[in-house]
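When the chains are written out, they are named A, B, C and D in that same order, and each has its own residue count from 1.
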Amino acid sequence: MPTESFGDQLKSFSRSGRALLQRYVPFVDWERTGREPAADRIVTLAEVLLSVKGEASGLAIAADLLEAYRSLDGEGQLRFFVALSSRHDPEPAHLKQMCDAYSAQPSAETLRRLMRASEPPRRELFRRLNMLPGATSQLVTMRSHLLAHLKQHPELARVDDDLRELLEAWFNRGFLELRRLTWSSPADILERIIRYEAVHSIHDWVDLRGRLDPPDRRCFAFFHPAMPDEPLIFVEVALTADMPDRIEDILARDRAALDIDRARCAVFYSISNCQAGLQGISFGNFLIKQVVADLSRELIQLDRFVTLSPVPGLMRYLTSVASQQGQGEGSHLSPGDVEQLARPGWWDDPERAAHLADRVLPEAVRYFLEHKRSDGKPADPVARFHLGNGARLERINWLGDRSPGGLRQSGGVMVNYLYDLAEIEENHEAYAGGGVVRTGKPVRAMARAAEGRQRQPRRSRKRAMSERPQRRADLRS
Amino acid sequence: MPTESFGDQLKSFSRSGRALLQRYVPFVDWERTGREPAADRIVTLAEVLLSVKGEASGLAIAADLLEAYRSLDGEGQLRFFVALSSRHDPEPAHLKQMCDAYSAQPSAETLRRLMRASEPPRRELFRRLNMLPGATSQLVTMRSHLLAHLKQHPELARVDDDLRELLEAWFNRGFLELRRLTWSSPADILERIIRYEAVHSIHDWVDLRGRLDPPDRRCFAFFHPAMPDEPLIFVEVALTADMPDRIEDILARDRAALDIDRARCAVFYSISNCQAGLQGISFGNFLIKQVVADLSRELIQLDRFVTLSPVPGLMRYLTSVASQQGQGEGSHLSPGDVEQLARPGWWDDPERAAHLADRVLPEAVRYFLEHKRSDGKPADPVARFHLGNGARLERINWLGDRSPGGLRQSGGVMVNYLYDLAEIEENHEAYAGGGVVRTGKPVRAMARAAEGRQRQPRRSRKRAMSERPQRRADLRS
Amino acid sequence: MPTESFGDQLKSFSRSGRALLQRYVPFVDWERTGREPAADRIVTLAEVLLSVKGEASGLAIAADLLEAYRSLDGEGQLRFFVALSSRHDPEPAHLKQMCDAYSAQPSAETLRRLMRASEPPRRELFRRLNMLPGATSQLVTMRSHLLAHLKQHPELARVDDDLRELLEAWFNRGFLELRRLTWSSPADILERIIRYEAVHSIHDWVDLRGRLDPPDRRCFAFFHPAMPDEPLIFVEVALTADMPDRIEDILARDRAALDIDRARCAVFYSISNCQAGLQGISFGNFLIKQVVADLSRELIQLDRFVTLSPVPGLMRYLTSVASQQGQGEGSHLSPGDVEQLARPGWWDDPERAAHLADRVLPEAVRYFLEHKRSDGKPADPVARFHLGNGARLERINWLGDRSPGGLRQSGGVMVNYLYDLAEIEENHEAYAGGGVVRTGKPVRAMARAAEGRQRQPRRSRKRAMSERPQRRADLRS
Amino acid sequence: MPTESFGDQLKSFSRSGRALLQRYVPFVDWERTGREPAADRIVTLAEVLLSVKGEASGLAIAADLLEAYRSLDGEGQLRFFVALSSRHDPEPAHLKQMCDAYSAQPSAETLRRLMRASEPPRRELFRRLNMLPGATSQLVTMRSHLLAHLKQHPELARVDDDLRELLEAWFNRGFLELRRLTWSSPADILERIIRYEAVHSIHDWVDLRGRLDPPDRRCFAFFHPAMPDEPLIFVEVALTADMPDRIEDILARDRAALDIDRARCAVFYSISNCQAGLQGISFGNFLIKQVVADLSRELIQLDRFVTLSPVPGLMRYLTSVASQQGQGEGSHLSPGDVEQLARPGWWDDPERAAHLADRVLPEAVRYFLEHKRSDGKPADPVARFHLGNGARLERINWLGDRSPGGLRQSGGVMVNYLYDLAEIEENHEAYAGGGVVRTGKPVRAMARAAEGRQRQPRRSRKRAMSERPQRRADLRS
């Protein structure tokens, strides 16, 4: 194993490397530095790493820095990030000078100098850290820490900008490897799948096996060559005869597997990102499209690729709608209804269930088609993800998820987004350009029914629902 | 194979993608564009690729662009590079504005805008091209073309700056995989080894087998995961009982393999870069050190790691020395001597051989120790490589390479550079900082002998030869 | 996957194959046969399989036969085995004729005919079944059924003789592959490890991980290429500083892993055969020796290779000794003592514990050194296995296993057998030839102490304990 | 690598093992034996190997024996085989006794004894040799030597019977692995393909590449897990638009590859056995059928699977026919015609070519359909192979191979055998049972034409040519 041996090599560099530090980096009192707390030492090490010329010294210092980093608590991490933020910005005066020189004569040389002047030195720091074998995954972890601090300390955004940009280069889509995970996959990777599953928890290894091993189940993940045992994102797929409307049917432990020849529909019922430190560097988009393409080729009998997705923002929306509409009018959703919805068991009372469906479903339609953020995109994050990928909103399923979590977040509602390779690009452009939400027949029928109940249909709603939006609409937002 | 299937997927995107182009990129007359010569079309495609939002459109256009690129001749390539150079520079006025804003208030946001303003748009273009699976190797090829045009068109340096910086990020050392190549390695990779060998040509498969298969021979190469069949750089190693002084002994076809238990010395007798498009992105440094570390672990009996290297600039130097020194003085090197040296066979005449050794060797010592470039580094490129890695100049070997090429370039002289893990870091810093050439005993003895012949030893020479240079010397340059 | 495709191919053969059966095997009424119960049909299929010439017909019939076999219950299996036993013996008259011919003229041809005449036709039947890809593992399963019937039906031994001999050829030691199992091994294989563990149950995946993942734990298994996912036998190894005397220390869930550099001892604490159908075809012998050899090479600091083994026959022996010795004499083991021993908790009463140790340990020594079967080998099966492999009986550990099972079978006693590569061959020959049990110092000391308590030491005991037995003793049995 | 480590282990066994030999095998004077020539020592070692009980001693002796064997010349090998032949036959008197006991009471026990008595002890010897890792391939080599001696020494057939039977068990079809060989396969394996190609020589690596790398070329081989680098048999396949009639078109170096979508026909143009020591253990049958099945699945556009085969016995047959028919009659083949046929260039003279075709082709038809061996099978070995596999004789191609070898053996004629999965089983049974040669339309047309020229058609010919033979015919032989 090269990596291992390189580690050994590194240690020997490290020893001689440190001895050299005193000699070649005399402006630092290395003995004192060694005694400092990690949170101080690491800042010094960062300065030094940017100044040494020797590659081996560089690797030794990088190793020391990352070791020091691993020993930091949240407080220490913050101090390090703040140091990176405050000390490593481009120097305005120098930058201005370079900018003037470039404006005066925009040659390759003045451009090169300008770019050097405008790049925050911490980028080079991250690059040098990443020279160390195995460092990539530590930088991903470092960014997860940084993101956690970002809310309280928005000035760290500049550090995150740099780190994210580098991670984007390193996690280039062309470098990712799609692997199918099966019951024959390495146990350590499967253990991570259990840990990272974020949509429908995997309770134990028997549960896991039920999602991987039956012939009508699939799981795919992206990996990066520098982190070969760490899935970046994975999707769980059920092959079914029809488009499913309830997650219970998918997850039931005692279900019989479908004869694969009878499968017509591939259902993406769970997608989980695994690496908090790669937030904002999107792989899900690629993952779903590639899995659609791969499954189409392998199983030619498949003709529908859909999700069965939660609606994580629905209950918050319903709560707000109910509180606005007041409790007076009978045909409106009341806070009591919403409260009811979150409590399991109401479906056993048919009258109550009908009442709730009557009140909730029209609002669910509105939630998707009319309730937009300031940027014109839907409020629901899962909707934004799939619509942004070019899927269409195919169907809204009442009583799709009766689990406590499903009730609390989504009021038990689940949604099918449908991926049709022939239209995803057009859907995407329409959505990206104009926030247009493409819908399937069942949703359109539901929307018409909802509208029928209202006296004054609003114009905007019509447009949002239209199957083939007018050109102008597309360019609207 | 995911990649393959993704290719299929791409084609279908591509078809719908192009249909969409007319709709979503209406400012281009796509029908006319399709009829244009590739060298014109590619420039349009580059503009469009930077403007589309949809990922699939992006991939479709990237695929079209790279396909158009492959059909370009040198003339067409140049037009494309010039377009990249002239149209994609940062806009000075806008940049100035951002620079002022940042100077006024250096916030995360102003910094982000500044950086966006200072980055040439062609970088984003290259990034988008690289999203396409398999594009990395095409961008490497593209850079090899760019480098070929660079000499005649120095203004293209700005394009190269961008492409090189991206390739540096993508070819991060932590992503490289070291593989040992053996006679059991895939034939297509071995065929490339034959093709890329740049130091001592591999004549055929029998010759290749002789360099891989015997127990006292090794070959190692770096690979990148996005180009799994393409070696980036490789080194050939001979295990020997003693430090060798003649390449013939290494390459002889009928030689008997050494019993591996008797090996004490690992000889790096050939290092070849494989990818012209990765010029300036150095892997050799890492490769040698890692191979030294790996071999040390595997074969604990090894105690010396040396090269047997050509001296490619020696003959040019000797020619220039001879022409300066004139033909008068008997003790000096004459143009006739140099001419003689290049013609095979003189070694059969002992007197002549002694005469030549007498004249040439002292100059060879000077070539290494005194003949420096303006930056204080030795004129010899191979010397710069190994000394820059932290090796020392151990021995100069008379009659080391009697092949026509060896005579023509190096006057038959070969050199051993020695890698001692315990000192490479110090050597490197001394060399990087002060241009100090560390030497081994045999070279020092030769230098003393050479000096003895001269009446007025120069001071600088003494210093350059010193085994442990004074501290001041180290900091000099 | 070749195998898969071959299966497809087979099906198509099968269809045409069956159509042909009626034509080429006209002596069978195929339509009627198809309606027969599997237990009848399978007998017919066996006859036919031995008579057809075509390879594809052969494969089709073999597939039918194995399918029919899988549907059999125990009763049906027995009918099949009885048919194999009664109908497929060599024909005595013909055999006698061949024997006479060979005696008269022992040529290659008469020998060949003799051998053909003496081979039961069911061997060829098994061979033809094994031509079918995937059949090997089904034949192993078939033998496990056969063995289960063998006790009640000893006449089936002739069928088992044939099947075992073929399996011995197919499971040739040279074909086995040793693999280390780790926490990165395929989950389906690890699931089988959980299932097959026969010595110290693996409770769940966390328990399993604790045996594979820590740096001081190892697990190795043999596999056969025709059953690549099915371990044949595996051994679990703990690396420890000292030779352990309690299984608790090994299995404790909350233990800290040992720094591997401090390991001196490799402990084989569990060996489990996985395939009941390969009973009598021993791999354990090879497995331990190869693991000893591999670990010696990998971890040169190791200097002792021992087991920590149960003594499964001890309690039965103690019961019998106690009932023979009567309850009168105070210094003897009483039935009450034995009863006590099996009930957890007595160790909390120091007096009682001392009393039991005093009574039990001398008998434990006798159990190993004097209590022999009629063939002169020890009565304990685990002892026979390790001594037969050339290990020596190093130490008997009081209170080595306080689990209910450990008390019930072994009275809580555990034993270390020690594998010393330098002496295993000599130990083996001494044991195989003369039933000599080689012992380590701790056992010899215990034996002397035990003997001191007795008035009339028996001669045989002396001999059995001797470290270096006399030559005569070796040749005795 | 287990194997390697096991080798190390073996050496240490070996040392102690040999020391033990004197002690445990005292009837041999080991010191003298060590000084004996290998050809004597090996016979002693064989006896000892059969008598030792210890496994490690056994491995040590097996290793010694195989080492001694490798040093033997042909003479020494013969002495070893003769010793195996003469000393290791079953003992007639003992055998007779066992036979009587079995006849008197055919119990499992008497049967077991009988079988033991009838098995030549050398079988157990070969089994014990094969316990040694890596021995399988040496036993294959040993059999190739044995076969070479067999012609001169037919009494060795009994040794070959035993070795072949064991190899048949070890090279069970279910253990073989089909691999596609490509230009990315390991060079050492490809080198063996060059060496083993027996039909159309591979001249160099460029030639090899031309057979592996183009998209319309395939190569498949069987491997055995105990000899992972040694192909057992391989087939080269060309994908073509039509059934080819000339080998030149297949082998041409400068040909353009066919677009794979236009391929309709897979041509097996070369099948070579690699291991002389596995003669008589047929894999070709399986190989072709599996490749047909695999290619059918991968390339659904393929609808014909044919060979392009030489007719190695044709020229011998023509010579004999010509000499019988005399030189008188004009319409008959003359010795001069045959002589002519073997000399390249006659095809340039159209008249001569027509004359030869006229004389030769009818005889070629007769060669396949009427010229049978005593067992009713065709005289041509290639015909026997493919017809025995269930192929039909599809077409006879005039001027199919103009190479010197092709003319010398086959008179330039080549043949297409066609594999139709739907009929191979029926063809096989018809051929195996009655020697019936199934033919394709082109051959039948040619046969009719040939018959038209003859005055007295023979009955047998008619039958042999019939497409659907009568049932009676099938059962005839």
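Everything below uses one rule, namely that contacts are C-beta pairs under 8 Å (C-beta built on N, C-alpha and C of every residue); 3 or more make two chains touch, one makes a residue touch a chain.
Model, not experiment: these values are computed from the prediction.
Under the contact definition, chain A and chain B share no contacting chain. Chain B and chain D have centres, each the mean of its CA atoms, that are 52 Å apart.
One inter-chain figure worth recording: chain C and chain D are separated by 39 Å, centre to centre, where each centre is the mean of the chain's CA atoms.
A straight line joining the Cα centres of chain B and chain C is 60 Å long. Residue positions of chain A in touch with at least two other chains are not found.
Chains touching one another, given as pairs, are A-B, A-C, B-D, C-D. Those residues of chain B lying in contact with chain A across their complex are 2, 5-6, 8-9, 12-13, 16-17, 20, 24, 53-57, 89-90, 92-93, 95-96, 99-100, 102-103, 106-109, 111-112, 114-115, 118-120, 127, 130-136, 154-158, 161, 166, 169-170, 172-175, 177-178, 225-226, 285-286, 289-290, 292-294, 297, 390, 421-426, 428-429, 432-433.
Across the interface of their complex, chain C is touched by residues 183-191, 204-205, 209, 213, 229 of chain A.
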